[in-house]
Structures are given as C-alpha cells and as structure tokens.
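What follows are several structures.
Consider the two complexes below, in which chain A is the common component and chain B and chain C are the respective partners.
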Partner chain A sequence: MDLQEARGTLIEEARELLDAMENALLQVESGGDINDAVNAAFRAAHTIKGSAGLFGLDSIVAFTHTSESVLDRVRAGELLIDDHLVTLLLDCRDYIGQLIDAVESGTEDTDPDPTERASLLDQLNNYLGHPHASMGVAATVQADPLERDGDALNVGNHYWHLSLRFTPDVLRNGMDPLSFLRYLGRLGEIVYIYTLTDSVPAAAEMDAEICYLGFEVEFASEADKATIEGVFDFVRDESTIRILPPRSRVEDYIDLIRNLPESPRRLGEILLACGSITQAELDEILALQAGEAAGQPLGTLLVEQRVVHAPVVAAALSTQKQVQEKKGAEQKFIKVEAGKLDQLITLVGELVIAGAATRLLASRSADLAMLETTAHLGTLVESIRDSALDLRMVQIKEIFDRFPRVVRDVSKELGKKIELHVHGGDAELDKSMVDKLTDPLMHVVRNAIDHGIEMPDEREQVDKPAHGSIWLNAYHESGSIVVEIRDDGRGLNRERIRAKAVERGLINADAQLSDEEIWQLIFEPGFSTAEKVTNLSGRGVGMDVVKRNIQELRGDVELSSKQGHGTTLRIRLPLTLAIIDGFQVMVGESVFVIPLELVVECADLGSHDILHDIVNLRGQPLSFIRLRQLFEMPPPPAGTRESLVVVQYGQARAGLVVDKLLGEVQAVIKPLGQLFRHARVIAGSTILGDGRVALILDIAQLIHHTTHDRTTTLPNPGR
Partner chain B sequence: MPAANLPATTAGSNLPGEDQQYLTFTLGAEVFAIVIDHIKEIIEYSAVTQVPLMPSFVHGVINLRGSVLPVIDLSIRFGRAATPVGRRTCVVVLNLEFAGETHAVGMLVDAVNAVIEIPASQIEPAPSFGTPLRAEFIAGMGKVNNQFVILLDVAHVLSLEEMSSLVTGAPAAAAAAAED
Partner chain C sequence: MPLRSENDGPQGTLHIEGEFNIYQADQLKPLLLAELSAMENITVDLAQVEEIDTAGIQLLLMLKQEAARQQKAISFINHSKPVLEVFELCNLGGHFGDPMIFTRP
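And then the complex of A and B:
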C-alpha cells in the first residue's frame, strides 16, 4: 500500500476512534455501564497508540500511552473515575485530535500546543503518581494453584500465552519467523520464550529452507487479542497460532494441549518451563485431560463445567457475539471518495435528462415497440436514480453525535445542569445537506443552553426540575425531513423582543403583532436580546445566519415558544438537493415543475364554486392563486379550462391555478445561480426532454404568499 | 496618446499597455466591443425560458449543455428598448468572476461582427460626460478605421452583485449584508 494512502487511513481511523473515546467518556458521566465505557475508551486510546507506532509517530505514541495508562488504572479499579478525570481525559482526547490534525497537514514534527501537552501530562502523571505496584502483584498470584475468579476455574497466569507452530514452508514463502517475534516485542514484553526443537532432524537430513522450530511465548502486553493476532496475519492461514489471554480458563489450556502436535506430558513441561502454569495446575490439567482420555468425553466435561459457570459462559458468549456483529457491520461498508459519488450523481442526472428526451422522441414516432422499450428504460433509469441518490444518504446521527459533548462542555461552563435527549438519529438525508446543517444546528443548541435553560436555582424557584432538558428530534414528514430542537427553559420573552425590535427600528412602537410575527423578529439581522454578551452567543450574529443557511438548503425554520415553558424550533428540509420527482404544469407558454411530494391532488377549477380567491373543495374552503395573475401574464384565452393543483407544505395548504396539467417528470435540479439568489417563488430549474429549461416552483413561498401576503403584492422590482 | 495616461480600469478589463483582441457586436444601431478573454462561446438564440417576476433586463434562462445560465438583455441594461429577436440575434456567453467563483452569463446582442485587434495606442479614456452609457460601463474608446467604438467594461456591465440586488427588489443594503 502506498504510504501516503496508509497515513490517510490512519488519520481517518484515529478520528473514528477518538469519537468512540469521546462517546465512551460521556457515557461514564451519564451513568451508563462504567466498566464497558472505560474499556471502550481504553481500547480506542490503545489502538490509536498502536497505529501511530507503526508510522513512527512518537509524539502521539508517548502522549497516548500516558492517557492510556491512566485509563488502565481506572480499568483495574485502582483509580476512581470522577467528573474531573472525565474532563481531563476529554481534553486529552481533544489534544490527540490536534496531533492527528497535525499528521494530516504534514506538520507532525512540531507540537500543535506544547503548553497544553505539558499541562495535560502533568495532570495525568498526578493520577499515575500513586503506584499500587500492579505488576508486582502478578508474581505472587502466580504461585497460587488454581485461582478461582468468581465461579470460573482459571489458571493464575498474568501473561499472554502464545503457541506458535510456523508452517515448515514459512521460509520458502519469504517470511522470517524471527521478524514476527521482533514485531511482537513492540506490542509488549516477551517475558519468556521456549524454542521447540523436537522436530529438527539429524544434521544430514536438514533442509535449510524448512522451518523446524516452534515457540511457546510468555508475553506481557496491554494489547487486546485482536491486535496480537494481527501480528501473525500473514502466516495465520498455514501456521498454527494459538493465543491464550492472561488468566485463561483451565479448559482453554486443555484445548491448547489437545490441539498441538506434541504430547500432553511434553507440552505440560514446556508450559511449566515458561511459567504459564504451576506444577499443581499442571497436575490438575493433566488429570482432567486423562479423565477425557479414559472415555469421559471432554464435551461432557465442558458441559458440566458450563452448567456450573453458566453466567460466566453466557457473558463470554454475548461479548463474542457483539464483537462478531460489530465486525459484520464494518464489512457492510465500502469507503468511497465523495467526489466519485458526486460525479455519479451528475451522470445519473444527465441520464435522466437524456432518457426524457428519448421518451419524447419515441412518443412522437408512435412506434409501439419503441414506446415499450423506452418505457422500460425509463423505469430502469428511475431505479438507478433512486439507488444513486440513496448512496449519498447518511443518517442524521452524524450530526447529532456531536451534541452530547457540546451540551456537556457548555453547560459545565455556565454552571447549568442539562440533559440531552436525542431521537430519530437514524433519519436519513443527503450528505451535502448534513455538512451544511451542522453549523446552524450547533448555533441553535448553544442558544438553547445559553439563553433558553435557566440556572438550577432559578428553575427550582418556579417548580421545575433543576435539570434542564434539550430534545433533539428528527423525523420525516411528506417528503421533507424535520429537525426539531426543543428545550424546557424560560421561553422567549415577547415584550423584550418587541422592545428590542422597536429600539432597533425594526417595527413601529404601536405595531400590532401576532406571536408568530414577534418570533420572526429574532431572525432579523443583528437582532439579539441577550443582556450579557457571552462568548457562546449573544453577539447578534445568530438566528439570521441560521435562517439564511437553512433557506439556502431550500428549507425553512419555524419557531414556537411559551414563556416559562420553553422553545421549539423546527427546521424543515427537502431530502435531497439533486433530483426530485416533479409534476409539470403549464402556464401560458411556460412549463413549471412542482415537487411531486407536495402535490395533494388536482381538480378541474371550473367544476367548483369560487368566491373571490377561495374555492369550495368538497365543502372545505381553500385559498388559491392564479399563477398567470401572480406572474403578471395576460389572462388566458377564452375557453381555457383552468386546473387547480392542491399543494401542501408542512401543515399549510393552498391551490395553484394553472392552464394545463402535463404529468409527472423526473427533475434534475439545476441551480439558478447567483443572479437569482434572492428570487422567491422560484426554487430552481430543471431541463426538460426537449432541452428547454423549466422552472421549479418554491411551494413554501407560494403557499405563504397565498395564505398570508394577500394584501401585500410580491416584490416586483425593476419594472 | 501614451498608454500611461489611460484610466485605471478594474480587473477584468483590458490591461493598459497591451494590444488586446476584441469582439465587436451590434446593439441597436451602435457597435460595441468587449475583450475576448471573458468570452466562453457565442451561440445562436433559441429556446429561452422566461423567469417570472424578474427585472426586465433578465431576458430568461437557457440550457447550455446541461447548465442553466441567465441571459441578460444588454439593451435594457443600457436603459434602451428591449432587443427584438431576429435572424442574427446571438447570445454571447461570458465567464464572470463573482464571490470567488466563475459564473457563466449570457448576453443578448443583435449580431456579432468580428474579432479585431486594437493596439493600446488606439485606445482613449472615456470622456467624462456626454457618453450614452453609465460612465463605469465604459472601459475606453477604441479607434477602429478612424471611428470610435465603445469598449465595454464587462465586470460592471454584467455585475452580478448589482444585478442580483435588483432581483426580487431586496433592498441593496440587505443584499450587501447577505454577503457576509
């Protein structure tokens, strides 16, 4: 593998591991299974250290090693993990993140933050400063015969035991057994090595290219089994490599003895020589082994033992299963460069357009066979489009996962107590939207923590739990994805917003505004009611930026609030920015496209009662707008049978009156560019089968205009 | 006139002291010229889609091999009558820099004439008054066959910044604020 590429993998992997470490540490705090969490954090740190070691990134190795040692002591129960330690470890994680960033930018030779490093190491060493002589304990325990750990029958060996029988062909295959041992030495300490020379023939018959040696190794290491196994990846297929973790169960040793080519007695002696087991342990193992030989099947023996140790076995099995499932999940993914996916989507877009052109030609030719083939082709193109777009869909969890840390850090800083509840993290949306959604969401959540949630004593005074809550929720709703951020804080203060808006000259002092209109004011540029400017928010560059970012994604923001009870902000976004199912309508000579998911039904306008701009649709009044009128086109020629398209966006409905309904179309969304960036009513454009451009209507704006802005006409500049 | 006396022109206009190639075209009864550097291609007028509720200088949008780009009616932009579409009507596609990106914009003209070279010595600054156009639209006056041709400053004539602020009637201040 190309070294640069391998470094890329290292960076990516390290970042994933750092995220895992962060999650684990946060879990410690939120009161999850502490052991699991600490183990996970330890494993993450350890794996980062290992990979960094392969690349000779000593700065990372040294630092991570110290962090890992602290975690190891927590794991061993020698250190109590408290809030302070979690904070320290989180800071360490961030610092390792900086080191990884430095590797990415190729500046790993200079420390990104030497002061931080020194301070962190200082604090870590404080934790390591009370030695419990953990390694010394091992020697004494080892002397005990069979140690009983809980209910399981364990051998009192604190080291890994490795039995290595390389295939005789190993040298011919171009590999040197010695190099594996040398490499193994980098993961820990080889305490004892016993070289098996039993199969070495007389000198005359010896073939220099055959490996006759076997090794029994006692190995002290903090690496996990997978890492140690990984050392022998290249020879594992042909060779016999057996690895027993420290304090393995007796059965494992029996199993080992049974599966190695040497006789049990001989193996026992070797194990004894290695210090893996004591004489007493050996006697007991051999007795058990003999019992099996005497006709009592080992299986029964094991079953009996398993019955005794059922909980232990169950636990072990479930752990094993989890590991397997995790591996399975990993294998389900292929990493693909984002650029390649974008290219694919672009090509599929062109395919959709070309397909539409073909279908158009076919329908003109009136050749039945041709029509049939193109129809089939059309179905295929549609499925390809859906699958291609699906490739870019990612779970919104990708963003949500960053929030526990943010909420923790910010609430700590402010002295607030906040619980974060996350739902719907598996809702999917386009990757390109995820990237652009992160900042606005971050801002909203920070706002909720900073301005929304009250201080604990303040909350208790109004009979609320001292712990504030923030809910992050995502769900799908009629072709959109909705992200909801809710808090149970103090809510928006109507009067203060109003006063501020008057002060800023946004509204007249005597203006009568509904709640909804008041809330909209906070989205005005430069509006901020925070009395105190904190370094988190309150600088007045806030909600207007959020709103603009969301609108750039063709989405919108909705806010509701009740004073004293909290605020809810809903962000509604389309699922994709690339290709949509559209519904074509015609107004005059122009073709317009309406996103199909927003179309509720179509009707003949003439067959319904109309009063002003309200139509009676099966007894229900529905406001409608004539697009011809809105777009300032001349009235339709007499005899035109106008059609009504009922559209819905969120909870709002309205009717659009058009000249003609043309049917469904796959619309590849083409941006309209800078010139039209302030354009309302038009959301984008698409290319029709005949090569002409059709405009995509912005239904949210149209509905808003139809139901709200009746009195004010749409801005009509330059004419 | 020595080249050093030429007016300072914005980026995207002709550089003083160099002989540049220009495309001349007809708009109404007049001939104008632009530096060829910005020109991506010239296409025949066809299939323009009108965009409703746009200022009238936005003639519409066209599909240029899969990308959608706006077409500006230069005549209206100059405060004159709309360009009538005829047999020789063309769209000159230009690449313009805006907000750090390149945008393709079409320019509607009555006819394109020729690509000519105008030596820097044959270019004079625009007179400070009495020009038929807004002064910033003019990069200079080129002398071709003893006649003056107005050299357009494309960056100003087709300023996306200015034009987009006119779209939807968003106040210019808000449009500028939207930049940051």
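And then the complex of A and C:
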C-alpha cells in the first residue's frame, strides 16, 4: 500500500470512528445502554490511537491515549460517567478531529490549539487521579505486552479452527482422513467444514493412492487443545495439522495463512466461508500479507505495529458494522469517486438524447421492425438512466445524523431543554443535494433552537412541557422530497416581523399582507427580529441564504407558524438534478417540457366554462395561465383547439393552456446560461431528439405566478 | 467388477458398485477414465456404492474435473447412504452441485 494513500485511509477511517464515538457519547447522555455506548466510544478511541501510532503521529497517540484511559476507567466501573464527563469527552473528540484535520493538511507537526490541549488533558488527568502526568509516557503504551493480550486483539470467532493437510502417503499408510473427521465429531461438533480440492491434479498426473484433499474445520468443543491434538497423533509427524483455539489472536491467523500451501486470498475466502473470521478481519489480514509480500519499505517495527493494529481495526470495524447493519442484513459497499459517477450520468444523458433522435428517425421511417427495436432500446435506456441516477442517491440520514450533537450543544449553551425527533432518515436524495442542503438545514435548526424554543420556565408558564421538541422529518411527495423542520416553540410573531419590515422599508406601514406574505419577509436579506444577538443566530444572515441555497437546487421553502404553538418550515426539493421524465407540450412552434410527475391530468379547454382565466373543472374552479400570453407569443391561428394541462406542486394546483400535447419524453436538464437567470418560470432547457431546444418549465414558479397575480382580487382556488 | 456401464447413444450411464476405496482406487482410475472417454455425456450412478473413502472421493473429483476438461456433461445420481454420509461429512455437496436426497436419522 502506498504510504500516502494509507494516510488518506487513516484520515477517513478516523473521521468515521470519531462520528461513532460522538454517537456513542450522545447515547450515554440520552440514556441508552451505557455499557455498550462506553465500550463503543472506547473502541473508537483505541482504534484511532492504534492507527495513528502506525504513522508515528505521537501527538494524536498521546492525547487519544489519555482520553481512552478515562473511558477505560468508566468501562471498568471505577468512574461514573456524568454530563460533565460526556461534555469533556465530546470536547476531546472534537480536539482529536482537529488533530486529524491537521494531518490532512500536512501540518501535524504543530499543535492546532495547545491551550485547548493542555486544558483538556488537565481535566482528563483529574479523572485519572494523577493531575500532572507527563504526556510523553502515553506514547510507549503501544508496545505494552499486556495490551497486546487485551480482548480487542483477537478475532471474534468462538470456535476452534483446524487446518488439516495430511501427508500424501496417509492413504497408503492405511489411514483415511475421513476417519479423523468422524472421530472429531465425537469430541464436539463440526460446525463447518471446507474440503480443499484445489490440489487434485489433472487425471493424467493423478496418483489414485495419494491424498490430495485438505480440510478447514470450524469445531465447537469443550475439549482442551491436547485432546484435540491427540486425535491426530498418528499423522502429526508428516502432516500439517494446525489447531487454533477459539478467539485466537489475529497473528495466529496470519501465521496460519503464511504456512499453508494455498494462496492467502484463497485461504482467506475459505476462512471467511467457515466463519472463522469476518470480512473486515480478512481484509486487514490480506492487506498485511500483501504489504509483506511486496517488500514494502515499512520497517519491521512498523509491521509489528501493524499486526497490533489489525485486530483493533477489525474489532472496531465489526462493531461499527453491527451498528450500521439494518435488521441483520449485511450491506456491502464499494467506494467510488464522485467524479466517475458524474461522468456516468453525463454519458447517460447523452445516451438519452441520442436514443430520442434514433426513435424519431425510426418513427419517420415507418419501419415496424426498426420501431420495435428502438422501443426496446428506449426501455433499456430508461432503466439504465434510473439505475445510474439511483447510484447517486444517498439517505438523508447522512445529514440528519449530525443534528443530535448540534441540538445538544446549542441547547446546553442556552440553558434550554430540547428533544430532537428524527423521522424518515432513510428517504433518499441526490448526493450533490445532500452536500448543499447541510448548511441551510443547520441554519434552520439553530434558528429553531435559538428563537423558536422558549426557556423551560417560560414554557411552563404557558402550560407546555419544559422540554421543547424539534422534529426533523423527510418524506417523498409527488416527485419531490420534502424536508420538514418543526418546533413546538413560540412561533413567529406577526406584529414584530411587520414592524421590523416597516422599519427596514421593506413594506409600507399601511400594507395589507396575508400571513404567508408576512412569513416570506423573514427570507429578506438582513432581516432579523431577534432582540438580542447571540453567537448562534440572530445576526440576520441566514434565512435569505437558506432560501437562496434551496432555490439553487430548484427547490423552494415554505413556512407556516402559529404564535405560541410553533413553526414548521418545509423544504421541497426535486429528487434529481440531472434527468427527468417530462411531458412535452407545444405552443406555436415552440416545445416546452413539464416535469411529468407534476402533471395531474390533461383536458380540452374548449369544452369547459371559462371566466377570467378561471376554468370550471368538474365543478371546481381552477386558475390557469396561457403560456402563449406568458411568453408574449403572437395570437394563435383561428381554429386552434387549446388544451389544458393541470399541474400540481405541493398543495397548489393550476392549469397551463397550450396548443398541443405531444406526450412523454426523457429530458436531460441542461442549465441555462447567466443570460436567463432572471427568467424565473424556466427551470432549464433540454435537447429534443430532432436537435431542437425545448424549455423546461419551472412549475413551482408558474403556480406562484398564476396564483400570486390574483391573490388580491380572487380567492386562491388551489388551497 | 465394480464398474458397469450402459452406453445409450451419446448419453452413457456408469454404475459404480460395491467398495469404492483405496483398495480399488489404483485399478479403477484407468477404467473410469476409459469409460469417460467412450461416452459423450456421462451420468454416474452411485446407488450401489457400499463403501467410499478419501480415495473414492478423489476419483469422483477427478472424473468431474476431467469431464469438464473434455467439455462433457457429467452428473452424479442416486447417491447411496455411504456416499451421502461422506459428502455431508466433507461438505462436498455444493462442490459437485448434483441434487441429492439427504435422509436425516
């Protein structure tokens, strides 16, 4: 393994472990299984220390060791874990994070924050009962033989593992390996057996009287090692018989692999099949093997240390796995560079366009066989598109998981009591959106904690539970994903927002505004009603940025609030940014595309009653807009039969009037240039099969447009 | 003789009977190979195998391997009790991939 690459792995692994440690510590506080949580935190710290040791990062080793020692005392029951200690350990975890950041930026030689370090170490040492211990001592603990025998160093397997390679002459000597296996069955239970047939030669070279088979056996037994060894007394001298007791050290497995005739990878697979080791343990062992075989310029000391390191990683990894495993189903992942995925999506986009062109040509040629083939091809392209887009989907949990800590820290700082409820973490959305959604969400949640939730005594005065609640919720709704942040705090103060807006000159003092319009004011730049500016929020930077970020993702923000009862903020985002199923419509000579998921129905406009751009659709009024008018196109030739496309976005509906309905199309969204950035009702463009450009309509904006223009004169029929 | 074969066009059936172990192995090996090369596709009937040991298993493995090399289809059928017992002991059922009927005591 390349050392630089290994460092990258170290950083990544350490970050994951730090997350695990954070989760574990938060779990302690939220009253989960404390033993489990403390163990998990301990293992995370221990593993980080081990990995850092390999790279000679003494600063991390020393600091982490002290943290780990405190955790160890908690684990041993010598120390009681309380809120204060959790806070301290969380701070330590953050500090280790800083150290890791320093490694990443190559500045690990200078301490990122010596004052913080000293203060944390002082506090930790207080818990350890030796206030001013030297920091240097810790680094040597790595090689401590006692530690090497700690439980974390062994594989998790609790069966005996037997590797049997009989001497080739065993049959000629009148013994049958099978009888040994049968005899083993009397000492215990053969849990799993793998018969190695690899060395059976081709028929011509085979000697029928030579034994070619080998066996790898998982054996459950109460018998001691001498008894099990005794089974093979007759053949021990010439044969290779290796017996590993339950929970053997990883070194023993490495040694085993090294001394058996088969290749390490083959053996690894067998051991895995036997269940002797886990995948994680195997990976580690193989990595070690490979490193040795390739004669890497790692010193023997390093190899020694890596052997120490291996089981620790394995143990930690397998625990992590347990946490991540959902309902016992093992998930397997491949890490892929994001750029490669993007490239794939781009190619699939081109494929979709090319496919559309082919289909168009085929339909012109009127060749039935050709049409059939292109139709089949089209279906395949569609599946490829879906799978490709699916590759980029990640669970929103990735963001949600960061919030328990934020809520905890912020509410502690403010002296508020807040519970966080998270739902729908398994809803998926595009990876690129996850990255851009984190900051806005963070703002909103902090706002909710800071401004929304009241102080405990204030809450009790109005008969609310002293504990405030914040709900994070994600769900899918008609082609969008909705992320909802709700609190049961004091809600928005209509009058105060209004006063502030007047003061800032955003509205006239006598303007009549609906609740919704008032709420929209808080998204104006520089708007804040907080009476005091805290270091968390209230500086008036935030909500406008939130809105802008969301709009950049083609989403929008919706807010509702009831004074005294809380505020709900809904962020609605499209599921993907790249390719959509579209519905083509035509006005004059121009083609427009509407996201198919937003289309509710189509109807003939002429057959319905129309009054002032409101159509009577089965007794329900529906406001509509003529795209021809909207885009200021010349009036239609006489006799054009207009069609109505009913679209829905969120809870709002509206009608779009067009000349012609063309049907479904796969649209690869191409962004419009800077020139069009003020064209709010256009979401993007796409290239049609015949090479023409069609505009994709931004339905959210269009609905806003149809309803907003009329709110003063007509009721909003969609709500 | 513990070997008996029926050659029915391209599809031949080979019956292995009686003891199938180290004592016959050396002698049986060339016979088995000869039968294999005489047939297009081969079915090995193990119903009459009364005893089998490591050497016998190795011969079955060899047959399967050699059939694959000659690109012939081979299947083992009617595994007798002793064969099943050994296959189960060595966990070889999956390796051969033939359907087997296990009778649990």
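In this section, the second predicted complex is superposed on the first by the 507 of 719 C-alpha atoms of A that agree within 3 Å, B and C clash if a C-alpha of one lies under 4 Å from a C-alpha of the other, contacts with A are read in each partner's own complex, and residues count from 1 in each chain.
Just so we're on the same page, a residue touches a chain if its C-beta (ideal position, glycine included) is under 8 Å from a C-beta of that chain, and two chains touch if they have at least 3 such contacts.
For clarity, every value in this text was computed on a predicted model and none was experimentally measured.
Participant: Output check: A:F631 vs chain B and chain C. Expected answer is one of first, second, both, neither. What do you get?
Facilitator: The first partner, chain B, only.
Participant: Counting only touches as set out at the top, which of chain B and chain C does A:A208 meet: first, second, both, neither?
Facilitator: The answer is second: A:A208 touches chain C but not chain B.
Participant: Given the touch rule stated above, what does A:I687 touch, chain B (first), chain C (second), both, or neither?
Facilitator: In the superposed model, A:I687 contacts chain B only, not chain C.
Participant: Have a look at where A:H65 lands relative to chain B and chain C in the superposition and call it first, second, both or neither.
Facilitator: In the superposed model, A:H65 contacts neither chain B nor chain C.
Participant: Considering only the touch criterion stated at the top, classify A:V200 as touching first (chain B), second (chain C), both, or neither.
Facilitator: So A:V200 only meets chain C here.
Participant: In the overlay, answer first, second, both or neither for which of chain B and chain C A:A679 touches.
Facilitator: first
Participant: Which chain A residues contact chain B in one complex and chain C in the other?
Facilitator: Shared contact residues on chain A: none.
Participant: Give the list of chain A residues in touch with chain C in this complex.
Facilitator: 171-172, 176-178, 181-182, 190, 192-195, 197, 200, 202-203, 206, 208-209, 211-213, 215
Participant: What residues of chain B sit close enough to touch chain A in their complex?
Facilitator: Answer in residue numbers: 47, 49-58, 61-63, 66-70, 98-99, 101, 103, 105, 160, 163-170, 174-175, 177-178.
Participant: Show which residues of chain A lie in contact with chain B when the two form their complex.
Facilitator: It is residues 349-350, 353, 525, 548, 590, 630-633, 670-682, 685, 687, 690-695, 714-719 of chain A that touch chain B.
Participant: Can you check the complex and tell me which residues of chain C touch chain A?
Facilitator: Contact set of chain C toward chain A: 21-22, 25-26, 28-29, 33, 53-55, 57-59, 61-62, 65-66, 69, 86, 89-92, 95.
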